[in-house]
Amino acid sequence: MSVVVDIALLAFLAVTAFAVMKQRNLFAVAMLSGIYSLLCAALYTMLDAVDVAFTEAAVGAGISTVLVLGTLALVGHKAKKPARPRLLPLFVVLITGGVMVYGTLDMPPFGNADNPAHQHVAPRYIEKSEEETDVPNIVTSVLASYRGYDTMGETNVIFTALVGVLLLIATGEQSRRIWSADERNGGVFEESSEPVEDGHG
Amino acid sequence: MDDRVILRVGSKILIPFILLFALYVQFHGDFGPGGGFQAGVIFAAAFILYALVFGLGAAKAVLPPIVVHTCAAVGVMIYAGTGVVTLLLGGKFLDYNVLAHNAAHGQEWGIFSVETGVLVTVFGVMVAIFYAFAGRRRAEP
Amino acid sequence: MKEVLGLYNYWIVIGLMMIGFYTMISRGNLVKKLVGLSIFQTSVMILYISMGKILGGTAPIIIEGRENVVYTNPIPSVLILTAIVVGVATLAVGLALVVRIKEAYGTIEEDEIHEQDDVM
Amino acid sequence: MSQHLPVLQVVVPLLAAPLAALVRRPRLSWLVAFLAALWAFGVAVALLHHVLSVGPISYHIGDWAPPWGIEYRVDQVNAFVLLIVSGIAAVVLPYARASVEWEIENERIPLFYTALILCMTGLLGISVTGDVFNVFVFLEISSLSAYALIAMGQDRRALTAAYQYLIMGSVGATFIVIGIGLMYVMTGTLNMADLAQRLPAMEANRTIPVAFAFLTVGISLKLALFPLHLWLPNAYAYAPSTVTSFIASTATKVAVYMLLRFVFTVFGAAFSFDVMNIDRILTPLALAAIVFMSLSAIYQPNVKRLLAYSSVAQIGYMVLGISLASVFGVAAGILHLFNHALIKGALFMAMGCVMYRVGSVRIEAMAGLGRTMPFTMAAFVIGGLSLIGVPLTVGFISKLYLVRAALEQGMWPVAVLVLVGSLLAVIYVWKVVEVAYFRQPIGDGSIREAPLSLLLPTWVLVLANIWFGVDAKLTAGVAIRAAQTLLGVGS
Amino acid sequence: MTPSVLVGLAVALPLVGAGLVLALGKWPNAREGATLVTGVALFATVMGLLGPVRSGLRPSLTLVEVVPGLKLGFQAEPLGLLFALVASFLWVVTSLYSIGYMRGHHEEHQTRFYAFFAFSIASAMGVAFSANLFTLFAFYEALTLCTFPLVTHHGTEEARKAGRVYLGILLTTSVAFQLLAIIWTWQLAGTLDFRPGGILAGTASKGVLSVLLALFVFGVGKAAVMPFHRWLPAAMVAPTPVSALLHAVAVVKAGVFTILKVSVYVFGLDVLGTLAATPWLAWAAAATIILASLVAFTKDNLKARLAYSTISQLSYIVLGALLANRWGIIGGGMHIAMHAFGKITLFFGAGAVLVATHETEISRMHGLGRTMPITFGAFFVGALSIVGVPPAGGAWSKWFLGLGTLEAGQIWLLAVLMLSSLLTLVYLLEVPARAFFGKPAEGRAPVEGIHEAPWPSVLALTITAVATVILFVHPGPVFDLVSLVVPK
């Protein structure tokens, strides 16, 4: 049963991803990527990663979509048709994908409890975490205690994102200095031909 | 003040529940899915909903940008500060065992403390980023 | 047979990753690139979570009083929680950049931006 | 407290970042940032001293023994990298004050410094950690802040440059995550030392080589290895002076360190070179970088861009050294890591002085600066000589080791190409020098020498170029020992 | 003062001088005074080393160990001492000359000129007293860089172009070949110290050492072995004192000095003699001797002709080194001194003519001998020395070089030397011949109103001309010193 759901979800994901690639209305793209996240969340639940599913739903489907929509409100929602099929990206992608598929050939089979990943560090968390941290949710105990330092880094990452966003678009007014830096010298060293609005010289 | 009255009333009723749910997610994180991060996002979602329905100005009146910015920064400091406290108590960085008399208790305190840090930061960051995007005027081509 | 089925799961995920990656590097619209990136990253996360799954296992939340429960590996979940946050952080900064680029250039299409910059 | 040094190296700047944001006053946030950088530098010096005299340090965060918890591990290699990053930060920050006040709007300055410390914190975090996933987390801290910082440039191309960097950087980071995931699935661990122990059993496996490939490509994107360097020239050229000076001397260096760490410590030289034959890819790419990027540099009309191309070429030298996989070669790579940070730091800071007074870094804008800004241009000349590799500057020491390493393996064409790279450097450096010294100053003669607060830090680096060029026992000694550690020979 | 201190002082003094020049820039008389005083002090210092070195001491001084095994250090040995003596003595004379020339010619940026001049001398001293190849290379490059502002002194487009050629060739050869050779040597021998008997014996196959030798010979661009000679004529855009001291003495002699040093102290004559490349490279030098002489013929510009003459004469010394026997080294070593005095006299003469008449072309110097007898008389003596005929010092060095070729059994090389002397005789003596016996050129005002250059210049060229003659009469000290390099 779960295999059927699993495969169905993956198929939906593939369709959605493909639609994102083809769709040129960016509002639709935003909604599709939200759907993609929700499907992922469903898949994560199937794969026993409930915390991740919860987060993906809140962040991927929620916050990310709101951000993209907020951006589209500022920048417009039509994407141009790609000029011509680009071979180089296709080539790069095929190579990358090919290499990855090659890499999976020796990967331990999906879902097998004997996989090395499940044999080394994880068992200790499963066995000892309750005793050592008094927290039944192992994901929480690993997140906040065993690998708490990563989570501190993560907190810092979003703080960094905020700093970045504020630096870029904090003030309501548009940035004053968006033209060539050389403009201030009366254009003596004009580097870009892009004129200031009213043109000069 | 017109046709969106249902939206307004509805969200006014909804928002407290969202906040409550966020708190549940935060404190239930030890036992079920959820934790500081998810709670922070939901907390922020409540205010974002408020801003969407009642306007950015109203939201900023309730929750001024300076407060959310401060939250974002303070959360990080709470997290790292927990580590520094454990250092000062003679343990390793983020070694919660030293926070209380027995190790498991200390862990509980420590995890609670850092999760709070995460909550505060995530809440602050999400709302602040929303403010930043929403507060930007559209560029005229 | 079972092994091929096991790998099949990974291969679809790789396909998803590559669609995202392709969207990202082949499309000229700056927003779309970022959505492509986001799909790319999300797909990598699926790969991780797939690696952590143990068939017949249950979510790694200790159930009191029951022995012999197989718990799915918690580590990929932990890592991916962090990765999700990183993903949204990157997206936010990227979108903020797109907003600024739109203001500075009047467009968010890569080729039009290049045209403006190349006219030296 | 001294046992906690590894973690204090990162945590104190990490706490300083929100503080700098909270104080909201430009001067105060500068002070916070400066103190954080000084602290980091002090700790780095103490760590290096400790590592050299006592030996590597392992710090278990949260007191969870590795591989269950995250380990901080400091040996000769990363102690040296920590010193570079924090040292450059400590020099750049005094420089930043005047430069930033001029280039950044006042209300953004506190956040600017916040981002700058975050960037430093991220780089320090990458360098000091012994956990592969932790590398990724801190990599993102440094990258995200770098994107924002670069976008602060006054030219609008800074925005597109930052965007391009973001896209390529994220691809790199995602590749690294894929690589880490594949390693994890085969070994079940994330700790570097533990991985190093468990990976050799997997050599015949097809997954591990793929993990290796993804990690190498991902890191190569971050370190701007030719031909994955496309993000770098614009990013360096249009970023604010302070940002260019800092990032150019640290970010790619830390990426090179990551390469060293993964290639030698995690996978081991035997696997990387004998099984994967990584040298067969890295050596040609490094040589191509040296030749083609030096040639490109010659044709750049913007000096910061010129130096950026030169940086890609110089990264070629570092990678070349690494790809030789001998003690001398790796030592040359590590040595150049340090030396190039000093060289490019000085050069970009000199260009920042020019930007401050002239408002442009186009080559034509240099006209007559030899007379109007003598100290700035003297700094540029000395930095340029060091870049070329004139004796008694640090650049010479790097080339000396690199050429010797190449000759040691009988690779004399490599040795010749390294020297040819130096000659190309002569051309692009001299192009600037000629304009500065032989052309009449343009404008109304209002251009004056840069203020002392910019000149002093610049000259600190310039003098360091000479000091470590004349007495390289410390740096070369550390580099050799670091290389021995990485290759697991002698000690 | 111990001899070791003197060695350090010899390098430091010109630096101090440069500092003084910069500090006194506003007072020209004090500035030139400083230069002269420094010059005299330097000469005295170097003279102070003569006694100890002749008595067999090799005073040395290590400044700093850059990396393990790589030292920045100095050592006084006979060959270096000879070079230092010549350079420091001629610096004094040239300073004297410069005062007249620079003022008479109303040159700009004189402070910069004198300062970089002093820097260049410091670099030359560093080369002369270097204790190992690394130190030598460091100062060799420093010399290139310090002379660059002097070459481009006038800042004109022409000067800049010449500067590019100058820097381009000197840096290219030194970095691409010489540095490679040095690092290779370091790798093979494990040391870069100069040691009697060489350091390379038995470290590598003869084939490798042959390549190494070729790298050295062509890598020392300052020795101007063809085809890497173009920088030297290019450098002639510089003010004449620069050409005189630096491009007839300090810079070019640093080049041939390097080759001598490498031959004796890195390869060792025994090794050198067995290498297949040695005779071939000797022939390259021989070809340079002839070709440069032929080119010199075609040059009407006096300084250009002198430059090609220099190229030709430098290869005599290179040839001497590559003969790999005692007489070759002695002849080469002596030629460093002999050629220096002769050539500087010629350049002084050219400069004096320029200051007095603003003429640069030989074809327009007819009849000038009558109004400028001292200048052209000195020129005549200098020319004799270069040609190698008595009563000028050059005769001795050429004699020993000839002995060297015979000992090496290279009779054809001897023929080359003879032929070249003949050519030199013609192209150099043409100048005084025209000046004394030719009729004033057309289009130029008759000779009245023209008189000798300012007295410091005339005094200087007189001193060097007299010294040239003295070196013929008293070659003993030079010979003794050089023969210490290659004890029997």
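Order of writing sets the chain letters: A, B, C, D and E. Residues in each chain are counted from 1.
Here is the rule we go by: contacts are C-beta pairs under 8 Å (C-beta built on N, C-alpha and C of every residue); 3 or more make two chains touch, one makes a residue touch a chain.
Only a predicted model underlies this, so the values are computations on that prediction, with no experimental measurement involved.
> Which chains make contact with chain C and with chain D at once?
A, B
> Leaving out chain E but moving nothing else, do the remaining chains stay as one piece, and if not, how do they split?
Connectivity check, chain E excluded: one piece.
> Can you list every chain that touches chain B and also touches chain D?
Common neighbours, chain B/chain D: A, C.
> Going by average Cα coordinates, which chain is farthest removed from chain B?
Comparing chain centres, E lies farthest from chain B.
> What pair of chains has the most C-beta pairs in contact?
By contact count, the leading interface is A-C.
> Using mean Cα positions as chain centres, tell me which chain lies farthest from chain C.
E
> How many angstrom between the C-alpha centroids of chain E and chain C?
70
> Could you please state the distance in Å, as a whole number, between where the Cα atoms of chain B are centred and where those of chain E are centred?
79
> I'd like the Å distance between the centres of chain A and chain D, where a centre is the mean of that chain's Cα atoms.
The mean C-alpha positions of chain A and chain D differ by 27 Å.
> Using mean CA coordinates as chain centres, what's the gap between chain A and chain B in Å?
Chain centres of chain A and chain B, defined by C-alpha means, are spaced 21 Å apart.
> Out of chain C, which residues touch more than one other chain, so two or more?
Those would be 21, 25, 51, 59, 61, 75-76, 79, 81-82, 85-86, 89-90, 92-93, 95-100, 102-104, 117.
> At which residue positions does chain D touch at least two other chains?
14, 17-18, 21, 61-62, 133, 137, 140, 144, 147-148, 151, 156-157, 159, 178, 184-185, 190, in rising order.
> Under the stated touch criterion, can you name all the chain pairs that qualify?
A-B, A-C, A-D, B-C, B-D, C-D, D-E
> So in the complex, which bits of chain C are touching chain A?
2-3, 5-7, 9-23, 25-29, 31-32, 34-36, 38-39, 42-43, 45-46, 49-64, 70-82, 84-93, 95-100, 102-104, 108-109, 111, 116-117, 119-120
> Going by the contact rule at the top, pick out the chain D residues touching chain C in the complex.
133, 136-137, 140, 144, 147-148, 151, 156-157, 159-160, 162-163, 166-167, 170-171, 173-174, 177-178, 181, 184-185, 190
> Help me check something: in the complex, which residues belonging to chain C touch chain D?
Checking each residue of chain C against chain D gives 21, 24-25, 30, 33, 37, 40-41, 44, 47-48, 51, 75-76, 79, 82-83, 86, 89-90, 93-94, 97-98, 100-101, 104-105, 113, 117.
> Under the definition above, what is the set of chain D residues touching chain B in their complex?
4, 7, 11, 14-15, 17-19, 21-22, 59-63
> In the complex of these two chains, what residues of chain D are touching chain A?
Those in contact with chain A are residues 14, 17-18, 21, 61-62, 64, 67-70, 105, 107-108, 111-112, 114-115, 118, 121-122, 125, 131, 133-134, 137-138, 140-141, 144-145, 147-149, 151-157, 159, 178, 182, 184-190, 198, 205-207, 209-211, 213-214, 238, 302, 355, 358-360, 362, 364-365, 442-443.
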